[in-house]
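We call the chains A, B and C, going by the order they appear; numbering starts again at 1 in every chain.
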Amino acid sequence: MVKPERLIIALIFALLAAGITLFAVRAQTTEPTSGISNSNCMACHSDIATEWQSGSHGQSLSDPIFAETWQTQGQPGACLVCHATGYDPATGERQAEGVVCTACHSPIPANHPKENMPIDKTPDLCGRCHSDPRFITENWMLSAHYKRDMTCSVCHDPHGAGMKSVTDAAAASPDASDLCANCHKDAMQNFPTSKHAEAGVTCVNCHLGFNVGKADVTDFVASHKAPDHSFIPTLDTCNKCHASQMHAPGAAMAAAAIAVEESGGTPTPSPTPVATPIPLVSNQPVPVSPFGFAGLAGLLGLVGGMVLSPWLEKLYRNFNGKEERSK
Amino acid sequence: MKTRLKISVWLFWLLGLGLLILLGLGAGVIVFWKGLSVTHLTDLVPWGLWITIDLSSIAVSAGAFSLCAAVYLLGLKRYQPVARTATFIGLIGYTMALLTLLMDIGRPDRFWHAVVYWNKHSLLWEVTMCITLYLTVLLLESLPIFAQFEWLKKRWPKLAGWMSRIHHYAPYLAVIGLGLSMLHQSSLGALYGVLKARPFWFRPDISVLFIISAVAGGMSLTVFASMLVARLSRRFRVDDTLLERISFFIGWTLVLYLYFRFWDALSMTYTYQPGRTEGLQLLTHGPLSFNFWVGEMMLGVVIPMVLLINRSTRENSFWRMLALLLVVGGVVAYRWDTNLSGLMIVLSYLPGEPVVEYTHYFPSLIEILSGAGVVAYGLLAFSLGVRYLSVVDHGAEDAEAEEMRKVKKVTAEVA
Amino acid sequence: MSQPKLNRRDFLKVVTVGAAAVGGAQAIRRAAASEPIPSGGRQWAMVIDQSLCNGCGYCILACRAHNDVPPEITWNPVLEAGQVAGKETYLPRPCMQCSHAPCVDVCPVKASTYRPDGIVMMDYDRCIGCRYCEVACPYGARSFNWKAFIEPNPVVPEWGQPEVERRPRGVVEKCTSCYQRIDRGLSLGMTPGVDPDASPACVVACPVNARLFGDLSDPNSNVSKLLQARPSYTLRADLGTGPRVYYLPAVEEYV
């Protein structure tokens, strides 16, 4: 029979162990928060939050150049319409600093995460800030992309506010031409050997009227002027480089090419291969190495020769007329 | 002097096998730890050396069912000692197959799933179930062999006696074993044969070829092992007439195999079928051609067939042993060829006539080491069986029967 | 032995032959017929318009992000499919979700099963990684996890966020037609193929709307109407696998 004191001690230990475990486990289980608000998006969507924080959307209010300019201009409220979320001009109140999640994803559904956050991918939503005359929605509506029902997020990453990357190489390059080439593979068949490509002209130079590295971000007007998203090159586009040749082609061609090169045009990227190659296949089976065959056959010949040698020896002796050896 | 020499050869043999097993164990540990990325298997060739070893181990274990069926169902009682050897080899072979499979499946911890979760339409399920059940049958059939272990007889004589008495049920076990074996030996071939996606494999006669080659290979290994052991030590006696008769049978089995194989290959040369024609080309003049013509056909079938049917070579122990060893090699070569020829052909599924592309495969060092380790384990188990359980001893049965008769006589006198 | 040997031998022979006959007949009968093909209710199908597909590969990236697929594996590769009117055409290849799937027939543990709506489901907890389904699939749609995927997925969160668990090392995986999106969408009253949140990620991600998804048993669905209006083909129809992914061939006027 177990002594009662031992039993009591054992029970105390058991209760202690159970209690501590219960405490520890309770502390770890996160009860789903009943209300999802602005601040706790990041609790679940931490990777999106990281991208957002380092991008233009996340830094729309905290960006040093903006902050300085805004201060010097006397903190005008008009700026906050885009550079903050939920800005009410009447009261001067804003829901959040900078462009936050609820700027685009609102209203938050009661049963999130069961139900997705709403998002309007049409230019209406993006156009609230990115609209003419400051930005581009009217131009965009002229483009074939818009007419084929594409949205801004086909090329632009709305969270990191950069261009979408289809390969690692593209993510590193500042020029969005990689992305153009990814869909417009047919155009990339002939372009790389063209004179324009040799001069360092890329898709965005002509089709967006955009010279990378040229815009001065401290220039208020320039920094609020987005490239022409109609993607339709006009005479203006050609004249950016070929103005001197407008009525006199020839010798000025060289000068124009040099001018473009010196302004730092980026090299034409090669088309991004997205078609997934099947690994390890070829059109021919692995070639049979004649030496391998010969070597293996030689080994077999060696073995065969060793096995047959007694008889061959006998044959040889018989042929030479020597006496047969008795077994 | 001679005995001392023999012991050191034995030790040398054990040490060599032990080393291989250690290396194999190490390789196996790496496989379990790092996963199958240490092999050269790919999504295009997911089955390679291990599956070949697995198929071959099961094939050369087929001597067990065929010889036991001959003894207990056809009444050829005199072959009982050879059947005994074959049963032991069968047990080893199936355990080798299980070890290799354990490494090969992606989730070794789930090896038991096939026994619990059934899919009656799957041939692989049927093979797994048959192998599991047949392993049990083999174990039961082998228990009388283990009962001969001297140490066991001294330590637990009652258990040894009980194990011996299972021998009584040998005929029933033989029936079950025959049924199970015929099912899974041919199903292993049918595993390949039912896949419409692989035109080179998609034919009904692969299962027939597999079982015929298994019967030939299994019996060959048994006879070869018996002859080799008898030559290595005078302690173990074999009845050469039995072995010679079995070799004769093997010779004619090879004729049957050649007949089927000939028509199997010839029928595939008629009209172009994408995938099938290229598969045959791989065998006849592609990277598998040496293995096919020399390994499978010449050395594996034709030469042994001639050697075993021809009386003078069959009665000569050297030629007979050579022929039997070649048959076993041919069985392995056949399975390697079948597995790879289907997988190396990559048929495109794009519209239009399917385009054939080729991939390649060569086992990695880890695969080779672990495979060698498993084979070494098999050899070691057989060697220990020969040494301590007298699995190759055609006099053992007589001695046992003599003992049983003595015991009966004594008890009858007492009663 | 008191019994004559002949009797026992005969008995055994009869038993063997009888058992073999019965067993063989049973085996043939059961092995011949596959699982019943699901019918009735919704029947999901995907339609891919090759005239529109430009090979951009957004579908590959979206699929990888939403299903947490490792970079070495592609559930839905985009293959080059020759030229039409001088322009290169492409063929995205998701899992065909065959109605007579070889992978379902050959799995020894029934880890691959048919759902009533036609999707071929994978049970990653049952899969033992034998790779028989991988060998059996005529479309190469299945991939084995040779390694464990423990790194962060490079396409997350730019192309989407994972909606299903990562698969462990040693199991086979394949495209599931984003059943998780379909099921959740249906529970919220949405229509797969119409509402983006209820449609497979590849269908949503396609910038040129080359992929459509819908209920083939509904004659008024987008896929039904499209398949009635335009000629379509399936891959390796000669094999009799009954794929549920239909391709609209690239025709000169649309390309």
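The working rule: contacts are C-beta pairs under 8 Å (C-beta built on N, C-alpha and C of every residue); 3 or more make two chains touch, one makes a residue touch a chain.
None of these values were measured; they are calculated from a predicted model.
Visitor: Could you see whether A-C or B-C has the larger number of C-beta contact pairs?
Guide: Higher C-beta contact count between the two pairs: B-C.
Visitor: What chain is the most remote from chain B, judged by the mean position of CA atoms in each chain?
Guide: Max centre-to-centre separation from chain B belongs to A.
Visitor: In terms of Cα-based centroids, which chain occupies the most central position?
Guide: Minimum centroid-to-centroid distance belongs to C.
Visitor: Could you put a whole-Å number on the gap between the CA centroids of chain A and chain B?
Guide: From the centre of chain A to the centre of chain B is 53 Å.
Visitor: Between chain A and chain C, what's the gap in Å when you average each chain's C-alpha atoms?
Guide: 27
Visitor: Roughly how far is chain B from chain C, centre to centre by C-alpha average, rounded to an integer in Å?
Guide: Roughly 36 Å separates the two chain centres.
Visitor: What residues in chain B touch two or more of the other chains?
Guide: Residues 43-44, 346 of chain B touch two or more partner chains.
Visitor: Return the residues of chain A touching two or more other chains; collapse runs of consecutive numbers into ranges.
Guide: Residues 278 of chain A touch two or more partner chains.
Visitor: Where does chain C touch two or more other chains at once, residue-wise?
Guide: Where chain C meets two or more other chains at a single residue, that happens at 79, 140.
Visitor: Any idea which chain C residues touch chain B in the complex?
Guide: 5, 8-9, 12-13, 15-16, 19-20, 23, 27, 30-31, 33-35, 79, 81-82, 91, 93, 102, 105-111, 126-132, 134-140, 142-148, 168-172, 233, 235-236, 239-240, 247, 249
Visitor: Per the contact definition, I'd like the list of chain A residues that touch chain C in the complex.
Guide: Counting only chain A, the residues touching chain C are 45, 47-48, 51, 114-116, 148-150, 154, 157, 159-160, 164-166, 168, 182-186, 272, 274-276, 278.
Visitor: Residues of chain B touching chain A in their complex?
Guide: So the residues of chain B touching chain A come out as 42-44, 278, 281-282, 285-287, 289-290, 294, 299, 322, 344, 346, 357-360.
Visitor: Which bits of chain A are touching chain B when the two form their complex?
Guide: Touch list, chain A to chain B: 278-288, 292-293, 296-297, 300, 307.
Visitor: Residues of chain C touching chain A in their complex?
Guide: 54-58, 60-61, 74, 77-80, 87-88, 90, 140, 152, 154, 156-159, 161, 184, 188, 197, 207-209
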